[in-house]
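Working notes, structure below.
As written, the chains take the letters A, B and C, and residue 1 is the first residue of each chain.
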Amino acid sequence: MTGLYANELTLAYDDASIIHNLRLAIPMGQVTALVGPNGCGKSTLLRGISRLLKPKHGTVILDGQDIWKLPTKELAKRLGILPQSPVAPEGLTVHELVAQGRYPHQSWLQQWSAEDERVTQEALAITHIEDFADRPVDTLSGGQRQRAWIAMTLAQDSEVILLDEPTTFLDLAYQIDVLDLLYELNRQRKKTIVMVVHDLNHACRYADYLVAVKEGQIAAQGIPSEVVTERLVREVFGVECLIIPDPVTATPLVVPVGRTGKTQPKETVYKADERPDEAEREIA
Amino acid sequence: MSVQTKVVSRNTTRILGSRSLLLPGLVVGVVVLVGGVLWSITLGAADITPDTVYAALFNFDSTSFQHLIIQTVRLPRVLTGVIVGASLAVAGAIMQGLTRNPLADSGILGINSGASFAVVMGVFLLGNPPLSLYAILAFIGAGLASGLVYMLGAMGRGGATPLKLTLAGVILSAFISSFTTAILIGDQETLDKIRFWTAGSLAGRDMALLTQTAPYMLAGLAGAFFISRQITTISLGEDVAKGLGQQTGWVKVLAAVVVVMLAGGAVSLAGPIGFVGLVVPHVVRFMVGVDYRWVVPYSAVLGGILVTVADVGARVIIRPQELPVGVVMAIVGAPFFIWLARWKVKR
Amino acid sequence: MASESHAHSVRGTWVTIRPRWGRFSYRFDKRVPLVALGIVIFTLVTLVVSISYGEYDIPPLEVVRTIFNVNQDHADYANYRLVVHTFRLPRITLAFLVGMTLAVSGAIMQGITRNPLADPYLLGVSGGASLAAVTVIVWLRITTAGLLPWAAFAGALITAGAIYGLAWKRGSSTPIRLILIGIALESVIGAVTTVMLLFGNINDVQQAYVWLTGSVYGRNWEHVQVLGAWLIVFMPMATLMGRELNTMGLGDDAAKGLGQRVERQRGLLMVVSVALAAGAVAVAGTIGFVGLVAPHVTRRLVGPSHEGLLPVSALFGGALLVLADLIGRWAIAPSELPVGVVTAMIGAPYFIYLLYRNRNR
């Protein structure tokens, strides 16, 4: 039984329960996005799946085995996690950071094998950061830094990679860059990607599978084009919106109405089949 | 050090929840303080009844031996304890607000190490100076050291940030102390004369000494009350304070001056006494929250009570000898602090 | 390791040792061997100068010849031998070992807490050792050398254990709680120590003061052997665990994601750090600043990776203490400054310089 499953999972900090009795199957070989409003428990859920948080109740199963019963390094060889906005020690170079990804493959005596070297170089190459390999991580731009951290999880050589808000605090260009990179990793390297994403439109565009979390429960899950509806966005995020096809990818594009939108005649919001520049002209 | 700010903000569950209880609470504190003072005066080598204490204070008879003891020995000592405790507690509260570091007290500004160095130098060079000269030397040393710490901590952009100030204080204190140690190790006579002073004590403090130093400290207490509203604002963070229109640079300098007057005065009267400045502000914030208009007076009263009671302990526990009051306080204060750390620090 | 079998990594910033036989590999920054060599040369020169200097001066060349016992025909050989082998060489060797120990202990503490200001005494090692030592010197008035190191060692370990135990709650002891409880417990211990220093015989008290400051005065080969044996156990362990410190440095979550058992490794590293510090304190008292300064400077020289940082800061700490000991003997000759006073006088200005450099950050 291959795959990653959460079974009757209940997660809590101290005494405050965040996730209640949740069931989830992560589709292997796909990109899965966890979405939901602030405080809904999506990051907590990711922490639960990745063994950063011990469940109060229930299990997480990877390839038929309870992840809490696997040796930690065994799990790390199969499942990598990139926490939200990680900080590298001052002066650590990109190469040194990426090399850390080899930790689960090493031991006290076997600290740097030829295989370690090869995989690290490959991870640097895939993420296109070879040119900064000898620069300290803290001197890089936000986007380059995030690439370096992703390279580290790649060097871990795990089938599944979990990421907690990989695009927070990045400029728009870097957000797209990081998401494109994750997409390529999935398509070209067959990595299973699970990420918490803040922007619903990014989730719709890049994810094969979308899980909407509300108040510690799954509100909906499935292919974005089937799952994301105006009603779902209203129920989960409490936002009135229109759903139109993304003019580039034809995936759902969520356009919030907001208070400014309500005061204007509905016609000024451009229709699905119109091109954006025509819509602009119409608004003007 | 910045991570520790959490402790302060977590202490906001108050005992005196309602604002209407704050003033009566303070009055009760003052009554307890006065009671403690009178109780302390009755205790000593020979116990004196409360009646006699009352008579000695309000109906002084210069032919009575007991009245003389009260007026010349016990009263000055207990008053010294009160003002020292009040000053150290208020200085500690201000330092904790200013540096947003719950482990700060006036020692962070280098006051104790500066005072100790000056006094040790004085004894080393002059042989046997009177206690009043100790006081002057201590005050000068405290002032110079804290000025130096402040200058070092205020270098560069952003002025005296909590982290820079703390670092400067810790480093400079260690530096000055290494010279003090060098002298004490080299000169046994100085070590012998000074070791009681460096432990902090109220023994033998007379009225002349008190009246020489007390005005500075009273001025410091008034100053602390005067800037308490500003301290509340700056304890929320410097950017917030600036956003609210505060001239934070001036507030910090004023606060530092107040702390030097308070803690410098205290160290010159009683030597370097620890713990009261560290612990009392924590207890007070636990009681009244983070509004420094209340934290300052409460700290003063509670600090006075703590030192008065600890001094009773210091005199009584191994009678006829005396323990240093700072030692008694540390032994009383530490278990409280451990409790605080265990139950209040969640992360 | 066999030198012909080591391979340079592709980028050339690393030296990798990977013998053809067996399953062993280790790597460190390319700067490490060069910096290490520099420090060793500096140490050896300082060592010779330090041995030749003193009330009884010995020409540097004769110092070297006496160390290797190749000048037995020299007229002053008997004196040289006594001064070099019995007095100066053991104390200077001990200074070097103590410096090594404190530096590695400090580097580990800084790594565990991710706080560059942590030092080997963070867990109450100095307070506990001091109380025990003052008890022996001032209270029990035992002057024979035998008991003191063991008492100090026990005091250090017991205090560290008590702090860790009191900070333990719900399966973990967070760094903040460790620091707070450490301060509280140390203040009680400090208060008791103060009382003893107040009421003790002034000669004993002065002796205790010297111990508290840290000194290698009058130490002999026996001390060197004991600390040396201790180091042989813990130093390789610390160095091999450098990799764990690197991973821990990425933050608890990232480290756990990489499969590290963070709590366990942290506990293990803490034990190593405390054990090292306790060993150093036992033979030389509570010398400050070495454990703080040496890792700092070394990080600037060879980067933050612990495989190289740990051994190089060991060498740096050793060199620093040999130098400080020389300064202490020379500064107010014929009297001596305890080495702990000198390290504070050197260390504090270094940190003030750091503060000045980073004033705009």
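Keep this in mind: a residue touches a chain if its C-beta (ideal position, glycine included) is under 8 Å from a C-beta of that chain, and two chains touch if they have at least 3 such contacts.
Being a predicted model, the structure only gives us computed values, none of them experimental.
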Busiest interface, judged by C-beta pairs in contact, is B-C
Would you mind checking which chain's C-alpha centre is most distant from the centre of chain C? A
Distance from chain B to chain A - Cα centre to Cα centre, in angstrom: 53
Interchain centroid distance [CA atoms averaged], chain A/chain C, Å: 45
CA centre of chain B versus CA centre of chain C: separation in Å? 35
Multi-chain contacts in chain B: which residues touch at least two other chains? none
In their complex, what parts of chain C are in touch with chain B? 117, 166-167, 169, 174-177, 179-181, 183-185, 187-188, 190-192, 194-195, 197-199, 202-203, 205-206, 209-210, 213, 288-289, 332, 335, 337-338, 340-341, 344-345, 347-349, 351-352, 355-356, 358-361
Residues on chain C engaged by chain A in the complex (per definition of touch): 9-11, 13-14, 16, 18, 23-27, 114, 240-241, 243, 246-247, 249-251, 253-254, 256-261, 299, 303-305, 307
With touch defined as at the start, can you tell me which chain A residues reach chain C in the complex? 47, 50-52, 72-77, 80-83, 86-93, 95-97, 100-101, 103-104, 106, 108-114, 117, 121, 133-134, 153, 156, 162
Residue numbers on chain B that touch chain C, as the complex places them: 1, 3-4, 6-7, 103, 152, 155-158, 164, 167-168, 171-172, 174-175, 177-179, 181-182, 184-186, 188, 191-192, 195-196, 199, 274-275, 321, 323-324, 326-327, 330-331, 333-335, 337-338, 340-342, 345, 347
